[in-house]
Amino acid sequence: MTTSNQSPAAVAATSSPPPVARVEGRQSRRRQVLDAIAGRYRFVPVVLMLAVIWAFFTAQDSAFMGNRNITNLLVQIVVTATIALGIVFVLLLAEIDLSVAANSGAAAALTAILVVNHSWPAWLGLLAGIAAGAAVGLIQGAVVTQFGVPSFVVTLGAQLMLLGAILVLLPGGTGQVSLFGTGIATLSSTYLPPALGWALTAAGIVAFVLLRLLALGESRRRGIGMSLVREVVAPGILVGAASITAVAVLNSYLGVPLPVVILFALLIVFSYITTQTRFGLHLYAVGANPDAARRAGIPVARAKMIAFSLAGALAALGGILAASRLLGVSASSGTGTVLLESIAAAVIGGTSLFGGRGSVWDALLGALVIGSISNGLDLIGAETVVKYVAEGSILVLAATVDSILTRGSVFARATK
Amino acid sequence: LLVAACGSSGGSGSSSGGKTVYMLLPNTTTVRFTTQDGPDFKAAMKKAMPDAKVVIQNAENDPQKQVQQVETAISGGASAIVLVAADPYIAGGALQKASVAKVPVLLYDHDARGGPAAAQVVFNSLSVGQNQGQDAAKLLAGGTTAKPKVIARIYGNQGDYGTTQYKKGQDQYIQPLVKAGKVKVACETYTPNWDPAKAQSEMEQCLTKTGNKIDAVVVMNDGTAGGAIAALKAQSLTGKVPVIGGQDADLQAVQYILLGYQYSTVYKPFKLQASKAAELTVQLLKNGKIAKSDISGYVDNGFMKPGVPAVFLPVQDLHADTVSTLVKDGVWTWKQICTGATAATDTCKKEMG
Amino acid sequence: MSKETAAVTTAAPLLELRQVVKLFGGVHALEGIDLSVRPAEIVAVVGDNGAGKSTLMKIISGLQPADGGEIRFDGKTVELRRPVDSTALGIETVYQDLALCDNLDTVQNLFLGREETSSLLRGARLRRADMEHRAQETIRRLGAKIPSLRTPVGRLSGGQRQSIAVCRSTLSNPRLVLMDEPTAALGVEQSTGVLDLIRRLRTEHGCAIVLISHALRDVLEVADRIVVLRLGNKVAEFDNSDRTTSSDQLVAAITGISAP
Amino acid sequence: MTTSNQSPAAVAATSSPPPVARVEGRQSRRRQVLDAIAGRYRFVPVVLMLAVIWAFFTAQDSAFMGNRNITNLLVQIVVTATIALGIVFVLLLAEIDLSVAANSGAAAALTAILVVNHSWPAWLGLLAGIAAGAAVGLIQGAVVTQFGVPSFVVTLGAQLMLLGAILVLLPGGTGQVSLFGTGIATLSSTYLPPALGWALTAAGIVAFVLLRLLALGESRRRGIGMSLVREVVAPGILVGAASITAVAVLNSYLGVPLPVVILFALLIVFSYITTQTRFGLHLYAVGANPDAARRAGIPVARAKMIAFSLAGALAALGGILAASRLLGVSASSGTGTVLLESIAAAVIGGTSLFGGRGSVWDALLGALVIGSISNGLDLIGAETVVKYVAEGSILVLAATVDSILTRGSVFARATK
Amino acid sequence: MSKETAAVTTAAPLLELRQVVKLFGGVHALEGIDLSVRPAEIVAVVGDNGAGKSTLMKIISGLQPADGGEIRFDGKTVELRRPVDSTALGIETVYQDLALCDNLDTVQNLFLGREETSSLLRGARLRRADMEHRAQETIRRLGAKIPSLRTPVGRLSGGQRQSIAVCRSTLSNPRLVLMDEPTAALGVEQSTGVLDLIRRLRTEHGCAIVLISHALRDVLEVADRIVVLRLGNKVAEFDNSDRTTSSDQLVAAITGISAP
């Protein structure tokens, strides 16, 4: 009402009066921080949550932070993290895979039978198991994409069929295969010599920094300003410190366990693929808007089939690692809590159930959260009820934090 | 808050003077482990070795979780582990872990294949099946080739170690009768996850198929027995068609036995098992081994030769006239048993006055 | 009630915005906007892409609450935190992205959130027949081309959907209608229909209208007042009650190229 | 290219040449049929599938179609159908509830303890159980709507907590409660007298036809043409015939079982609510486009909370019915296959996982499909493996048929 | 190649549609449409809402295959069943509903499906810096206002998003660009930018353009030929190479009210 009814001449542009400017300054800084946390720095709150959990359990029992328990913890989460890694891929594409646990059991049964009963070499059995898992994933992906059936249903059905397959695979009389003394068993009992552990770590850190430097150089050559500190130095120090600490701890016990090496190798490879390559970018595009992706000529069906195959292959690997740890397979392989825990790990880590948002590192972080709680509660001898309630509430809590952080950002769900 | 209360009770086993014993239970669905064995063992240990701390863990049916619990027990400074294998078939990993860490493992109840263990306190699974088979044979003796007794067999979860053993034991008595044509098996089926509700619909279908022409039902545990009885009840066949072969002496099963619906349950005196286990644990803690004199046999676990040194405890086959054993052993009180319809049974009237 | 206010054209403002601010992360979508709309007045808001027009409208409709400033309706300060808050005041909105339920048909979408039902005693049933009848009327008056009122709207063309969104905003006898580019997807005839509708809303119901549009010709034709936004600021305001503002003046204000 | 480069005069409107007209005629009829099947007549393929399953098992064992087995079947599906009915509501809103099974177990445990150990009257215990289930649902709905947390995670976490709650609820020493001889047990052992069964059926059919006639009358009064045959006569005959047959079959055995009466009463009430009332319409709107619904002033959060409460209440009722059938509750209540089966039932019945499409009758149809398979396989004594594979493949098959039918319709997922 | 074809304006048609039919259930969206587009020709398609314009375009772009009829490109009969089929022929499309990935930023959306990468040997890495550089160029030339190339496009205004969609269609040196109401959400300046772009595409690259628009003034200004659809039929075609067609003629053909 102040400026209305004036002549058809333009009113001078308003310079925002002081009070508004104050609001802006405060609000906009807070918003920017929230935006960063919702996006690039999504891992920060998860890491904080992890720190709180660790501090809590260490206060309860100092053994929690011992070299030995840290080694345990890392080995314990490998199976969940490996399977969760596959889940991240399907979640990125806004799909779900409920068959991973059964798939992991079936693949482990297959590998065990090939290695034990048919005397295949361990590596060949391992490959065969992984290939079988990938094939199962591929078939599911094909049904999902070719007929447009919701993956929830396809993978639920596949889960039942795979449970049947495990019963068929396991030798009739005994219903089990022991892996004791086989090559598969050594998978989980091998530790890297300290020197090798250090060498791999050093190589990894150098590669990381070089890649970052390369990207920085390219940008600057194109006249796009990027900060050396923010893009190279800070991440380099962070990654370096974290990995050096971890390796030091592991080496002071038995060395870096082979399953942990496998997990990190996978994480690094898939991290490169998802963030640096065209295929990776397409995963995010398909997950956010499959229609737009298809119109842009991205082979949506192929991307989904690859994701399901990856989930299948990683589930198989996870299952074989689990069998190697348990020294056998039986009808209970592929049941239990592994399905829910690996999905929960991906989600707690920060991968969205609605597609298009997440990172392969979420699998690791989420598995660490779940694994730490379970490990810590076991260590302090909590009752089953406490465990149920603690695990359930951490899950809800983590997701609540996530959705509060991402609320109002483009990453939020359409609406609530 | 709860967590804090539990954790602070004994402090860390590795740092304090007292020894810590971890008891690792397999699941929460087999009621006896959480309601009986755990508390009983804890109490027995308290008596036998007051400064020892007992931590009880439950693997929630997940062998993977159980290995993890073994590892945690080791890093938590366990001096001994009492293990009820979540899946006897794939307990090898857990046993190897403990053996590498030189923590002695006492197997409790369930077998555990594929690794070394110090000893086992066990009611022989095979003998459970044999007991169930014997009961069946006794009840089915009247069958002739002309008029064979028709039975329904409801097994446990397919692929389970227990299911395999119980079936083997039952078959030793039932198969000869079947071969001789005196007994006819009208239906046989596995029950996924021992789910009583599934057992109920399986039984309903069997009754439908045979038009209620069933003379007896042979099951493998009290849960599935309960499912079968619920199905029989709907056909008013309870009491007319005996349900044979429960085990675990669940409260409801005991009530059904008194009501005459269930013929028997194999009772494994949990208290005895718990106190025996406590006794052996103390030996392990004090001497690092178990006295030869206590060993009454060996259990083949596909790893140790000649087998896991075992203390076999006698199982008891309970019938309506012998359920008082349970009260004597302190498993249930008459007050717990004699509720609802059971209160009207003669036994209850007598016991409750 | 609406009849009364229609008569009083020089009355106190119906809607008043004072120093309204909206931020998105680093982006200052609105940097302190003042705006007032009198009863039965047609106010157009124009500006370049990203000027903040839709944001302004979403604040008034309660979809995206403001980060600062004051909103008064009927002289009283109001809090608009959710769309119902503004609907309750008699404010209806045609959104730029339409927001229809694709699985529901035209009638259901038109009456969504304000369905007619029989009394609770008579079963609280939807009065489908009545609603369908009214829908037919409204659509006919707007001249929109909808093949069937019973087809899910997910199957309709862009323009048909926009027609439905426009119809929807007029059904409840509103006091203020906000329209965000209501003719963007419409054909020539349908656009004319909407402009007629806007005039009718004002004259017949005394309803005030805030019209956002890039079609300057249309704006100059119907608007009583034209507000120009640029990069989140109100840079000009033209009194167009005599329809004399020129297109060039407007373009100059929008782009900021030649001084007014 | 034939008409190009002509003068600026208009070319006469083309009358479609014959060949095109032919294509149109054929194609458009097929499309119309497909459209109808994807929409209003979505139940047709499910009913066909059911017919095939029934024919198959009847051929295997004629007892399958006996009065007794039909009675069995209906009683057996009541639990799944009741819980699936709740699932339909959450699925309509594009949410999911993974806690229903655990919720059903917890509610049953609560009811059992109140009735047996605290001597509450059965009806009060029943109400308390249902109220508790609804409260649990409401809390979950509140977390989902107030913090925008994905329901997958919230309900997964709640499931864990509820499993803990069951352990706490069950009396320490015994771990189980027998319902034998209590009022709760009679719930499932009661059969209606034949005359009452007939009376209820007649009332139902008359109400149905009257409602339809009323709607027809209203439309005609408003000048909207609607076909008497298509709107009233045909559905009336269909519904009448189906219910008369069913009641006749049940009455020729023991009568209509009380749980079946309860299920149908619920179905009828909720069918009315979802199709005839404003709240029902809003459910569909919110499920399809929560954003549009919110802008239209629909209380989206409230609708979701109501749906979750309904799912909780129905799960509780289902759990109590299950306990009544099994004559007891124990720690295994709320585990098992009931969760997956009730979700599968809703989906097989035709309710979309993506919101906005489905009907309460889907719960019944889907539960019938799953129940028939399970019933039939038990009857013919199939092995566990066969059961797994059959259930898994029917699930996938049903969903595939659904997605092929709805493909290209507005009901399809955005894209594949 | 594009340079050559640019010279030959009277050459054989680049795209030819013969008796193309499209049905949606009972709705006959297109009832036998003939259309031809010559190289470097700008053809406008106009018509009422629901006339079938978008459907026609989606058939050419391979998004919704036709139910009958023949499509020829470069004189050869082609099957267009998926968007890639038409992209492979050098056909680019600006859809009415835009279809961008909200979680990706401007650069990623612009290059989606045709990202530049280093060689497999060098790690098959995305050449982000190069793409960002080219994106800046293109956007600058169009005069679009995008606050930051690194913001996810979900945060941009309606017009900003449309600008991105238009930019996208020009990046790959296409032979034919289909634009479905590309200026509907654009401001005055940006609209002019798009019309300039259309002309430049034709003259500099010899690219043909099919433009769907309700803005008849724009159509009359840039189109060489104007095709009018009504209820799924082609009812008129105007040669506008000398820009002499009148707006009234066009409106008459669209609405079918006054005989031509």
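Residue numbering begins at 1 within each chain, and the chains themselves are lettered A, B, C, D and E in the order written.
Following the convention adopted for this analysis, a residue touches a chain if its C-beta (ideal position, glycine included) is under 8 Å from a C-beta of that chain, and two chains touch if they have at least 3 such contacts.
Quick caveat, the model's predicted, so the values are computed rather than measured.
When the interfaces A-E and A-B are ranked by C-beta pairs in contact, the top one is A-B. Chain centre most remote from that of subunit E: B (centre = mean of CA atoms).
Farthest from subunit A, judged by the mean position of CA atoms in each chain, is C.
Subunit B and subunit E have Cα centroids lying 74 Å from one another.
Between the Cα centres of subunit D and subunit E there is a gap of 46 Å.
Computed from the mean C-alpha positions, the centre of subunit A lies at a distance of 39 Å from the centre of subunit B. Centres computed as Cα averages put subunit A at a distance of 35 Å from subunit D.
Within subunit B, contacts with two or more other chains are made by residues 28, 34, 158. Across the assembly, subunit E contributes residues 24-25, 155 that each touch 2 or more other chains. The multi-chain contact residues of subunit A, meaning those touching 2 or more other chains, are 167, 291, 294, 384, 386-387, 389. Looking at the complex, you find that subunit A touches subunit E at residues 215, 218-219, 221-224, 272, 276-278, 281-282, 284-285, 287-289, 291-299, 356-357, 410-411. By the touch rule above, subunit B contacts subunit D in their complex via residues 28-29, 31-32, 34-35, 158, 187-190, 192-198, 200-202, 204-206, 208-209, 211, 223, 226-227, 229-230, 233-234, 250-252, 255-256, 259, 332, 336, 339-342. Across the complex, subunit D is touched by residues 143-145, 147-150, 152-154, 156-161, 163-164, 167-168, 290-291, 294, 300-301, 340, 343-344, 347, 352-354, 384-389, 391-396, 399-400, 402-404, 407, 412-416 of subunit A.
Taken together, the subunit E residues at the contact with subunit C in this complex read 24-25, 27, 47-51, 54, 96-97, 144-147, 151, 155-160, 162-163, 181, 184-191, 214, 216, 251, 254-255. Across the interface of their complex, subunit B is touched by residues 60-63, 66, 68-69, 72, 75-76, 79, 166-167, 170, 174-176, 178-180, 188, 322-323, 325-333, 335-338, 374-375, 377-384, 386-387, 389-390 of subunit A.
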